Amino acid sequence: MPFSAEELARRLDLGLHGDPATTVSGVATLAQATPASLGFLANPRYRGQLAHTRAGIVVLRAADAEGYPGTALIAADPYVAFARAAALFETRPAPAPGLHPSAVVDASARVHPDAQVGAFVSIGARSVVGAGAVLGPGCAIGEDCVVGAQCELVARVTLVRRVRLGRRVLIHPGAVLGADGFGLAMDAGRWLKVPQLGGVVVGDDCEIGANTTIDRGAIEDTVLEEDVRLDNQIQIGHNVRIGAHTAMAGCAAVAGSATIGRYCLIGGGAGVLGHLELCDRVVVTAMSLVTHSIREPGEYSSGTPLMDNRRWRRSAARFKQLDALARRLGALRDN
Amino acid sequence: MPFSAEELARRLDLGLHGDPATTVSGVATLAQATPASLGFLANPRYRGQLAHTRAGIVVLRAADAEGYPGTALIAADPYVAFARAAALFETRPAPAPGLHPSAVVDASARVHPDAQVGAFVSIGARSVVGAGAVLGPGCAIGEDCVVGAQCELVARVTLVRRVRLGRRVLIHPGAVLGADGFGLAMDAGRWLKVPQLGGVVVGDDCEIGANTTIDRGAIEDTVLEEDVRLDNQIQIGHNVRIGAHTAMAGCAAVAGSATIGRYCLIGGGAGVLGHLELCDRVVVTAMSLVTHSIREPGEYSSGTPLMDNRRWRRSAARFKQLDALARRLGALRDN
Amino acid sequence: MPFSAEELARRLDLGLHGDPATTVSGVATLAQATPASLGFLANPRYRGQLAHTRAGIVVLRAADAEGYPGTALIAADPYVAFARAAALFETRPAPAPGLHPSAVVDASARVHPDAQVGAFVSIGARSVVGAGAVLGPGCAIGEDCVVGAQCELVARVTLVRRVRLGRRVLIHPGAVLGADGFGLAMDAGRWLKVPQLGGVVVGDDCEIGANTTIDRGAIEDTVLEEDVRLDNQIQIGHNVRIGAHTAMAGCAAVAGSATIGRYCLIGGGAGVLGHLELCDRVVVTAMSLVTHSIREPGEYSSGTPLMDNRRWRRSAARFKQLDALARRLGALRDN
């Protein structure tokens, strides 16, 4: 499935410099590209590679195209243009609608005839699977769940109960949605489990990473609005609410009843304590801990810089004395 | 299944203010309640909602009930009372004892006839499943495991080998107990794997969250005493021992051979290094790292506060200079 | 399967002190050993236990053997020697080559007749399983995967697609290799998914922990060189490259396109940001965040020490003022 520069420019609505007949049959990084590759330059970190790339066609900004002698597609956002181009070269397993003979479907469940239900899938009472949905091998769908049209649960995804997915939700293997929230009350020296009566609601076009967990609500639902994107191994506590278009990188965690706004970016390994509220367009850098609500858009951080361990030990020891040091400094000034 | 205030008061042994005939058919937060809802006020953060709630009945402390005009159930601990009340409204799938036809059970395993073994469950050699235990779809039980009476493995739980669960242990989907501990020795420039010959022992009434991992011991067993409560995505290394009634929030991790006392609370994302000992009643706040043994009950923390990124960068840069700053301060004082 | 001291010394090429006829039938810690146990002393932390151990035979260094009255095996590296000895006592389920009747194998896949394919395993189009490989219950192998000779996928492992394992790779339950990398471009206020066209390549003798996730590359492959050892719940982003013999402890995470050298040790919960390069023999301590490339071997850290929460609060408050404090100190000096 080769494409010419001319065809790519037309399909993707991009400017074209150079030879419109140049043809490529796959994508590559600038460093690894061959004359049969489509490459791209989006991250300025890699600009130096442009001089040496063998890529047949390069997607780049107009400014970067100046002086570039090869065939180029000009894009206002080369990463977006590249994403669209790469989709042309993507191969995916052919759809195979219908139930695999090994699947176990409760008599009260409803599966659309266009849906694809793979090997070793179980579907519980009163659950519904929509048109064009794909449940890959080993998925376990419990009671009272809804899998919307065109959803894809890649493999071994669990929806425990009362999980309702919108349309085109993509969930990667090992993710668990709708497990009990972590609700405990201490009662006469022993833990008493608090029933978790809510569900999970996931909006259209969300993506949920491998081994990510999203607990169901204690009373009301845990909610992801549309187009929320969660990477792998993220933990979302019960009754959390995440606004539309927010993205969270791997291993981030949000404790129970926190509310995250729209268009937020939560860095890898970052944490948000329970019951907090983050407004729209908050950026939290990797491995930071959010300990109070945030009312102003902006970028927030905690932690200390990486240091050689020996130097770090000295700074860390001084951190313990920080209040005393500050008081001594104050006393000196007052003298 | 509606309940009157009078019946709830009697069943839960609570005081009653207002109309004993008020009837509710479900639970709700104060903010979302309708006249058919039972609400509760435990967290003072939500006290302001009491004035506007439409809840038919509210569970609260005597002090909060003063001046409240509606029907109220009076509890010394409203959260505990609410947990018990909510259990009355909880619906769970009906038990279905017996083996699903797809289950694969080794000839040497013993499964109690009252136990429920779901679709696509495998049970290995010499393993035993007790009365009333539930193994949900996709669970994989290896060799020499014991699943005690009334345990519930919700779905897709793995017990690798030599895992012995007490009674009423609840394990959420994706959890893996009894995988090899991470034991390696460097031998002539290559890693040599150290055999992991121990098992995992889990006491009665423990709860283990989704995608949590508990490795089996290298020589002796990894042990959770009774009533330990682990949230999702927790990592417990080999030969760890966790005391009774300790609770750990999501994404916490305990490295090999550490010993945690009873009634400890380990915050989300917190870490405990290997071979350390924590006494009883230690609280570790979220994302703190425990780097030395703790001999005194109390609350412990590490890390820095969340800041606007620009201000944080300045503090972080100064952290690197902290030892030099302290020395300069000392020199000034000595002048 | 008892072994005499003489036989152990011969098999493991170790020195022998004491009675060559002493016989042991299992391994134990020094504290728990009986006369039928083989114990070992490698960690100096446990040297005090030597005086009281009841172990029939102890593996230790020559220096520690001086004055020890019992039977001892002398090793330059007692931990390595113990690992080899323990392997003699390890029992493993007997291999059972062939396909379990419940397994679902695509017609275009090739499974070596010596391989063992367990219950509820699915194998997708064009995938290949080598001689002596073991796929435990519930593994899901997608399209275009290679499982090399003698690999073991313990249970419920997912290889999504284009994952190529070398020989003798050991993967623990719940691990997910080859899921989509987290590639997104913001396009007119919505996320656009970037196709993930690469695969995952894992070298010989790698070990991958329970619930660990390794995404496939966006364009090129994500690569683990030989003998890489990953503990549980580790997250490896797309296009990461990890050098031979590097080991990472539980819950560590490496963001996309980072390159880690050979013989590195990454501590538990540590993070490496995307696109960074770490040279060979870098040690990162637990829960540190690597925010810049590292060109010098050595040990690196970030974070602050664990403190009593009340004292920590005071230091943390001063951390926010650190730049102002440093400026004041500078002003005082200039006076």
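Going by the order they are written in, the chains are A, B and C; count residues from 1 in each one.
Criterion: contacts are C-beta pairs under 8 Å (C-beta built on N, C-alpha and C of every residue); 3 or more make two chains touch, one makes a residue touch a chain.
Because the structure is a prediction, the values reported are computed rather than measured.
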Is the contact between copies subunit A and subunit B built from the same residues on both sides or from different ones, judged by whether over half of the numbers are shared? different
What angle of turn lays subunit A on top of subunit C when you fit their CA atoms, given in steps of 5 degrees? 120
Chain-centre distance (mean CA atoms) for subunit A and subunit B, in whole Å, is 25
Numbers and ranges of subunit C residues touching at least 2 other chains: 102, 120, 138, 156, 174, 211, 233, 251, 269, 287, 303-305, 307, 317, 319, 321-322, 325, 329, 332
Interface with subunit C, subunit B side, in the complex: residues 102, 104, 120, 122, 124-125, 138, 140, 142-143, 156, 158, 160-161, 174, 176, 179-180, 182-187, 189-195, 197, 211, 213, 215, 219-220, 233, 235, 237, 251, 253, 255, 269, 271, 273, 275, 283, 285, 287-292, 298-305, 307, 311, 314-315, 317-319, 321-322, 325, 328-329, 332
As the complex stands, subunit B meets subunit A at residues 26-29, 32, 43, 45, 77, 79-80, 82-84, 86-87, 89-90, 93, 100, 102, 118-120, 136-138, 154-156, 170, 172-174, 205, 207, 209-211, 227, 229, 231-233, 245, 247, 249-251, 268-269, 286-287, 303-310, 312-313, 316-317, 319-323, 325-326, 329, 332-333
